[in-house]
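Two complexes follow with chain A in common, the first pairing it with chain B and the second with chain C.
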Partner chain A sequence: MASGAGEWSTAQMDDYETLISTTDVELLKRAWRNEKAAPEILPFEEALVKRAKEQIQLMEETVDEFAESGHDPLIASLYQMDLDRAQFLLRSYLRVRLQKIEKFMFYIWKSDAYRHRLSTEEEKFGERCIRDIGKHLEETVLSKLPDNYQSLLKQSIISEEDDMVPEPQLDTFVVAKCQRATRPLFLDGSRQSAGFDNRDDHFQMVPGDLCILRYRPFQEELMSGNISLV
Partner chain B sequence: MAGQSDPHISLFSAEEVEFMAEDELIEIVPNMRMDPLNFICGDFGPFLPQIATPVPLWLAVALKKRGKCAIRPPLWMSVEKLTQVLEGERDSQGAFQALPFHYVEISRLLFDHARDDIPDMYMVRSLIEDIRDVRVHKVETSLEKFSGTSAVKIPNLSAMEVNIIRPFVGRALQAFYKHDNPEKIPDVDRASSGQTRVANNEPRRPLRR
Partner chain C sequence: MHGRKAYELVKEFASGEKGHLKIFNNELFERVIEECNEHHNALQSLIRKMQEEGLEVLTARTADHYGALIHHLSLIRNKRCLMAYVYNRADIIRDLAWKVGLLHELPREIQEKFSDSEEQYFKDHSKSLKSYMSQLSLNVNVDMVPPKDPYIKVRVLEDLGSGIILSDKSANFARHSMHFLKRTDAEQYIARGLMEELTS
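Entry: the complex of A and B
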């Protein structure tokens, strides 16, 4: 992938080999697992979802043809099963994202970086959600409170931050599998507390490794596909 | 939300873990003739009588249910191999033996749907159950060694085992982390759990030694 400039190493060639031999279902499954396991919303897999939709549509037509032509019912049912599995993955992937959008909508809308992770449809959904929830809370609760407590995002006007906005908890722990060797990482890069035991603060994974890790320091590794969540 | 686990209870339901395992490849020996299948998840076949061919587990089970094939149990599912694994599992306290990531689900599916294809099926089943027990016990004892760190390697742990320990270990490590870095995580760590923290305003008493 686009990780290194210049010539391709053998490891990258291997990557390429596995990449072209990996089916979209496999990629979709990975995206689904990552999305389910990650505490925040991940970038929308636009190209992958588009391809998956096309393949599903094509398969639906094939299955319909089978039904009409009175083809061997066994084969038709096998194709139907394959179709069902792909559809389940796609639906579940999209649903997990919608759940996250519902949960973190105000937070996502505060930052462009997060907003850009959504698809156009998801953005529309989020906008509608914010409008409706905002209106609902306004009408049922906020408008009946004293002036100082009417903000949708803040507990009261003396709050300095938007303290009524749920934020994704990036310090949750996730289980990850290593796909490609990661760079050695300094786990406490952002840590300030003195006296922390520094013995194993640098950490590296090789393909196949299975780890429980704190999500935050590994965000980039996940986005670049070096690790996947299970 | 049919067909999808509630994310608040457990990340993946047992059915979802099984779903993932069903994509693992396994060899079948068909007893009929069938053209290659061009699935979304890949191309399989052609299917010829007595010629072994690899297919995903779900397809193997579907064909087996209709009496169209025999399933070849994977190499690790033999009495000999499993006895070795069990011994290794008992000998080494800390480490886990290498088994397929989905060994629990694969063996379970085969026991349910292809019992006549597994030689010494009862022996194999009890060996796998023993291995599972030993491993789960080992997971529990090795949890004692976890301390406040950001990453722990858990080599050879299987999908089902990961799924079982995830809620507990995840929260435990998070708690360790939180106590190491009180400034990092706001006190409302589970906004979704609906628990209010009334006790927070109480004056704190220093711990006596």
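Entry: the complex of A and C
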């Protein structure tokens, strides 16, 4: 930033950082990183995606205008570069989600909580995915097996649960960065304060802290925005 | 040997190069299916035998009970192997749908490796992707790598002549000639295989 404009106080610097960290580009970046790093599908950032699309459109118009008016080509190309990056971010975000849907479609469709994380378009896409792969597996394998073994989701008729559904590996480790100070956390995710004193494995994160954590116990911290993944 | 054939099938898939398909092994596949039916017949006859002897199928701990159990488990194992074979191939097919299915036909060398049902699946999945993108009116299959520069260096792979006018200039795009173009202009030609990006 302009260093000639006088020194910035720490408070001003903080203000500036909070401001930057809440712009849509920054939010989209965070959503994209979270989505990329999380093993399961996260709630769809509907409002954010809508805003991002509008802004991209606006930017496209600006770039076109610049090109027509014969403005400084350097400025135009800087705008173009910015536009390209924003578009990549948005596309990649949507792409990662689609790929997760492809991978865990049966798992997602089993619980409403997961299904509600999808956008309308994603839900339609998922339905088609399930229909297509179901048809494919049915034709190739299942219809040729004995009656009691034809289920797509169960190994055989005597299985009580769906035991043929690929599930995301929630116990995997992720690198988390703290956004807002958290309450004391336990490594195994328990939050009971009883017996607090005699347990020494709790810790607290302050903004900027980086930790490698098991994903499952910290889902809620991620959803509430206290931490983000990198 | 119980489950040996199914294991071979899965192993064949696993030994292949990552992301590449081999020809669908119909012969081995059908053999495993046959084995499943044999297991099923054996299982059924054991259960019938137990019933004739007046034994409770689920609780009697006789040799026949365990025999039936082994047939049941072998059948399940075979089923899992068959499903894994088809499902993991489907994974690769989906990947192909992302990369090429939306733009043009698959090259013949790849199509030959599909089974009939897989060919249909490839088409169906490409359609699903297309319909998602048209609902969103946004192409998600471009920009696969983060863009670094608005301008890129390309080499022309097929003679395009000088008829093409790009947004800011026109040039003679003879075969093998190299140009420095706007990425957005060049992208459509790269996707159609008419140009390639040169990375230094």
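Side notes on the structure shown:
Here, the second predicted complex is superposed on the first by the 198 of 230 C-alpha atoms of A that agree within 3 Å, B and C clash if a C-alpha of one lies under 4 Å from a C-alpha of the other, contacts with A are read in each partner's own complex, and residues count from 1 in each chain.
Note that a contact is a pair of C-beta atoms (placed from the backbone, for glycine too) under 8 Å apart; a residue touches a chain by one contact, two chains touch by 3 or more.
Computed from a prediction, not measured in an experiment: that's the story for all the values here.
Between chain B and chain C, more residues of chain A are touched by B. Applying the stated contact rule after C-alpha superposition, one finds that A:Q55 touches chain B and leaves chain C untouched. When both complexes are overlaid on chain A, the residue A:F88 reaches chain B and chain C alike. After overlaying the two complexes on the shared chain, residue contacts for A:M223 are found with neither chain B nor chain C.
After overlaying the two complexes on the shared chain, residue contacts for A:Q169 are found with chain B alone; chain C is out of touch. In the superposition on chain A, contact of A:K36 is made with chain B only, not with chain C. When the two structures are aligned on the shared chain, A:I212 is found in touch with chain B, with no touch to chain C. Residue contacts after overlaying the shared chain place A:D24 against chain B, while chain C stays out of touching range. Comparing which residues of chain A touch chain B with which touch chain C, the overlap comprises 77, 81, 85, 88, 91-92, 95. Contacts from chain A toward chain B in the complex involve residues 23-26, 29, 33, 36-37, 52, 55-56, 59, 74-75, 77-79, 81-83, 85-86, 88, 91-92, 95-96, 99, 103, 166, 169, 171-175, 187-188, 191-193, 196, 200, 203, 205, 209-214, 217-218, 230.
Chain C makes touch with chain A in their complex at residues 33, 36-37, 40, 72, 75-76, 79-80, 82-83, 86-87, 90, 94, 115, 117-118, 120-121, 124-125, 127-129, 131-132, 135-136, 138-143, 146-147, 149-151, 167-168, 182-184. For chain A in complex with chain C, the residues that touch the partner chain are 53, 67, 77, 80-81, 84-85, 87-88, 90-92, 94-95, 98, 102, 121-122, 124-125, 128-129, 132-133, 135-137, 139-141, 144-146, 149, 155-156, 164.
For chain B in complex with chain A, the touching residues are 1, 3-4, 7, 11-12, 19-20, 22-23, 34-35, 37, 39-42, 58-59, 62-63, 66, 68, 149-157, 159, 162, 166, 169-170, 173-174, 177-178, 180-181, 183-185, 189, 191-192.
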